[in-house]
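Once you scroll down, you'll see the structures, which are given as structure tokens.
Two complexes come next, and they have one chain in common, subunit A, joined by subunit B in the first and subunit C in the second.
Let's look at the complex of A and B:
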């Protein structure tokens, strides 16, 4: 039985087990029909031309892994940003782990999707927001059909949330192969501000496939800073579908740090539904071996006087492959749009590949849109300059690569987070130098 | 300290250095002059270990050891320093962090621990004051958007920090106004001792008024065709290089 059939047949069992209201029930049933009809995307689709899911779909995934809650904090502490106080919503094999989490209902809701989907007091919010940003593509629909658990965050208006929120999805690898489909919903109301860090982490080398959907609603003048740390084991694959709806004068930023995993696909979608909105998409990708990272971004400018800023840096070594596909749509009404997109890449090895494609669809006539992509090697003259000052080749390379991605790192607003990322980069590049630039 | 013997070097099969002989002893200042394209900068790069240049014949000895097979960083660790004619811009790396990394990597190679932060700061303060470098300048990205004079001053600042035994200054005077030239030259003079040596590569005699050479060599067509004392530099300033070319070609 292939994975699609397996998913379709387990849907019936799954849907009968969960006791929830009819709204979500209907949404799920519609979603599974879409998945049934469309199936998994193939390379024949333009948006998947450079990324094939074939290999990772061949595993015999367990769809509902057994509960295994015997993980000690000390063993996984390193995956947390632990030197500052944060809220934590932690999942192990898709199940909520209360002893690792620190949630709250004190003025804000930092809790669980499962309770939001089942408790009457969340009903209106769920009906207003659940599956209202996600598109009807096959993978998001698949997630919607099976959506039962994940992070649920609601920040009511005029709240400045002091502590960042960490959402971490661990997979134990207790099963020989695991498929996870976390579903996160984040609603930030007028004038509120929140910082969120998301991570998916497998704890051994058994194959994991995560098909995640995160919906973020940034209401009037709200500010959301979202950070994704992707540094998983070599058999873990991630399809991240993130949808952000912004209302007027809001600012939403997503930083994606893609350092690892087997195959990573980031479908990052911004929809601007109001004036004077700012959308910020930044990423640093540093991969090697046979790793594959695909950033597929969409910024949909619908209203006038908005901005979007995209800045993606990629460093590709060994046999790795990178894809950047950045789509910007500027609707006819979206006059005075400023949309910027940059994708700069360094190929460190002859066998590494990058496919980069800007896609601009502009229907308004008074806009500023720019895009640029570069593919290069490390600057030889800079290398000689550094080495002649006593910095060895490997360290000189690392310093250049770090410097190359520095402007993305500089816009990280949580200092401890920035520090952590620089440490991961140093480790990734195999050097032991402080990058306190 | 430095002994170059019958050095031939080429880049992409084009022969540039065609039999250089030069000996520099501790405590000495040598000037290498010559017309454009004579091979001055190539000589500097070959001594510092630029990989594009291939040594086809001859040898370079530094402190009694043959260094022509060593990587650039290994030569630096032994005490060779090259001040670049065109210092490279490295966006995203600050002057301070760059020099810290350079010093600590050099110490690591010598089996020493990192320099304590306190000592590093003190050293940076001392050397930047000596070269009249503004503190704000040190947190800027290395050479990015620096004026010609700032770049050269920054080179000498790094030299002061690294305290090399052999400093090769490649056209350090180009792009400097007279005040900057004086500051840079004073810096070099303060660093000079009986234990180290300086090779000044220059087109003009101007810099040699400040950094007074013990010996002057004229490089032409990849060879040292004439050597003398500082008077030779004055003669070149007055008469140009044509008479040398004629002498050689005769």
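Let's look at the complex of A and C:
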């Protein structure tokens, strides 16, 4: 039985298990129909031209893993940004772990999707926002059909959330292969500000496939900083679908740090539904082995006077493959749009491949849109400069690569987070220096 | 004096009829509509082709029958009815002429209207022309001068008869019969085209030139061009098109193959001005062209194109950089107005070491048109030190048109250096104001700015073409600032 059939047949069982709220129930039923019709995307589809899911779909995934004994905090402490106080929403094999988490209902809601979907007091919000940003593509629909758990964050008007929120999805690998489908909903009302860090981590080497959907709504003048850390082991695959709907004058930024996993696909979509919106998409990708990272971004400019900034840096070693597919659409009403996109790549191995396709679709005339894309090597004269001053080759290379990704790192607003990323980069590049020279 | 406003300009532009829209009444010999094996055989027989050529055509036809039309391009149009077109049409006046005096005077008048009088060309520019009217070449000038150098420049049907060894060796090597839907169709039914062979070490002393025109109503035009530059030779080849005004859509599916052997250089320039349809988007030519060049060691192929015509354009002149140190270039200006749609660009396939490619593409869209750049830069794993630079700029006039960029970049070698940049903008009001202030009216100012915008490409055109191209740009765009 292939994965699609398995998913379809287990949907009925799943629907009976969860509370049948009429609204969500209908949404799920519609979604499974879309998935049934479209199936998993293949390389024949333009958006999946360079990324094949065939291999990872062959595993026999367990769809509803049994919950195992709780994990000790000390074992997984390293996956947290632990040196600052944060709210935490922690999931183990798709189930909420209350003893590791720290949620709140004090003025803001930092809690669970399962309770938001079932409790009547959240009903209006769910009806207004749930599945309203996600597109009807097959993988998002699949997630929608099985959506039951994830993070639910609602920040009411005029709130400055004083500490960041961490959302971490662990998979224990107790089953031979696990498929997880977390669903996050984040609603930030007028004038509010929130910082969120998201991570998917598998704790042993069994195959994991995560098909995650995050919907973010930023209302008038809201500010959202979202950080994604993707540094999983070599059997974990992640399809991360993020949909952001922005209203007037809001600012949303998403930083994606892709340092590995077997296959990582980021579908990052911004929809600008108001004037003077700013959208920021940044990413650093450093991978090796046979890893595959695919960034697929879309910025849809619908109204005038908006901006978008994209900056993706990639360093590809060994047999790794990188894909960047960035799309900017400017509708004809969206005059005075300022859209910028840059994608810079370094290939450090003969067997690494990079496929990039920065795409512009512009229907308005009074716009400034540009994209730049480069593939190149480290500057030899810079290398020579450092070598002649006694810096060993490996360190010199690492310094240059760090400098290469520094643009993106500099816009990280949580200092501890930046330090953590810096450490991961040092480890990835195999050097033991701090880069704070 | 009343002010000449942008609205006036726009009005004038809309009402401007296609200047070259006329129809020459020459008795044509035309095949019945439709395509089947018998028609393919008949075309081959009509052209008195040898058996191997007939077989080659039939092979292509078999492949074509199995293929479906490509749909990935960013263009929308009513699919041509392939059984509704006639696949052969030739002017009746035969046989060949040695001098211009013998040519049907009506034909000559056509050329004069287009401003390319053969006499003038002959005297002033030293251009030898292989003039193609509806598929059969009727006049070849300067053949003798070229003959002295050993250069073969003739219609491809003559070449099939006179130099079968060359045609047999190279035809279909760069664009195989089964390459794509339209290439297969062309291979099966091509009626004529140009053939050019430059021997070893010869630098062709003049620009070779050919003009294609679609003349007979409802006739598909299937040209086949084959240019071979032998080791160390150089040739600059010009191709230009203007087509009479028609209401029904006409299909043009040409194939151009360039082969640059070791150390050779080919420069291929095109000015394309097929009938683009009227202001409501009715009529116009479908231009589905396959152009590709193969570079051997140290060879260079340079494509330059100015695309102002056609209702739908679907064209990607490409370079296969097979030999080490070979160079590919692509310079393009694509202008779309009213309801025109263009999906054009290039492919640079880097196979050899130290290969270089440059892509400069300028897209200008006005009216309700859609203009897309689609390009591929592919660095294969053995292409050490490959280098590419691409630049795609788009200029938008008015908010009803669209500009799109689809660049595909695939690198499999760590020594590759690739740069790609694209911008989209409009003509700045301050630029127009600056010109107005200095007494240059808006219309001229736009022409000036557009010329400046496309200068990098215009500069690459041979003199004779640069003037014509500049004129075309002005005609296509006058006053369409938004």
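For this structure, a couple of remarks:
Here is the rule we use: the second predicted complex is superposed on the first by the 435 of 437 C-alpha atoms of A that agree within 3 Å, B and C clash if a C-alpha of one lies under 4 Å from a C-alpha of the other, contacts with A are read in each partner's own complex, and residues count from 1 in each chain.
The criterion applied here is as follows: contacts are C-beta pairs under 8 Å (C-beta built on N, C-alpha and C of every residue); 3 or more make two chains touch, one makes a residue touch a chain.
Since this is a predicted model, take the numbers as computed values, not measurements.
In the superposition on chain A, A:366 contacts subunit C only, with no contact to subunit B.
Using the contact criterion defined above for the overlaid structures, shared-chain residue A:377 touches subunit C, although it does not reach subunit B. Of the two partner chains, neither subunit B nor subunit C is touched by A:26.
In the superposition on chain A, A:289 makes contact with neither subunit B nor subunit C.
Contacts of A:407 after superposition on the shared chain: subunit B is touched, whereas subunit C is not. In the overlay built on the shared chain, the residue A:354 is in contact with subunit C alone; subunit B does not reach it. Once chain A of one complex is fitted onto chain A of the other, the partner contacts of A:162 are absent, as it touches neither subunit B nor subunit C.
By the document's definition of touching, neither partner reaches A:2: not subunit B, not subunit C.
When subunit B and subunit C are set side by side, the one touching more residues of subunit A is C.
In the superposition on chain A, A:46 makes contact with subunit C only, not with subunit B. By the touch criterion stated above, subunit C contacts subunit A in their complex at residues 72, 379, 381, 394, 396-426, 482.
Residues 46, 332, 335, 345, 347-377 of subunit A are the ones that touch subunit C when the two sit in their complex. Interface of subunit A with subunit B (complex): residues 379-382, 384-393, 395-396, 399-400, 402-404, 406-407, 433, 435-437.
Contact residues of subunit B toward subunit A in the complex are 45, 48-52, 71-73, 75-77, 81-82, 84, 87-94, 97-99, 101-106, 109, 141, 158, 162.
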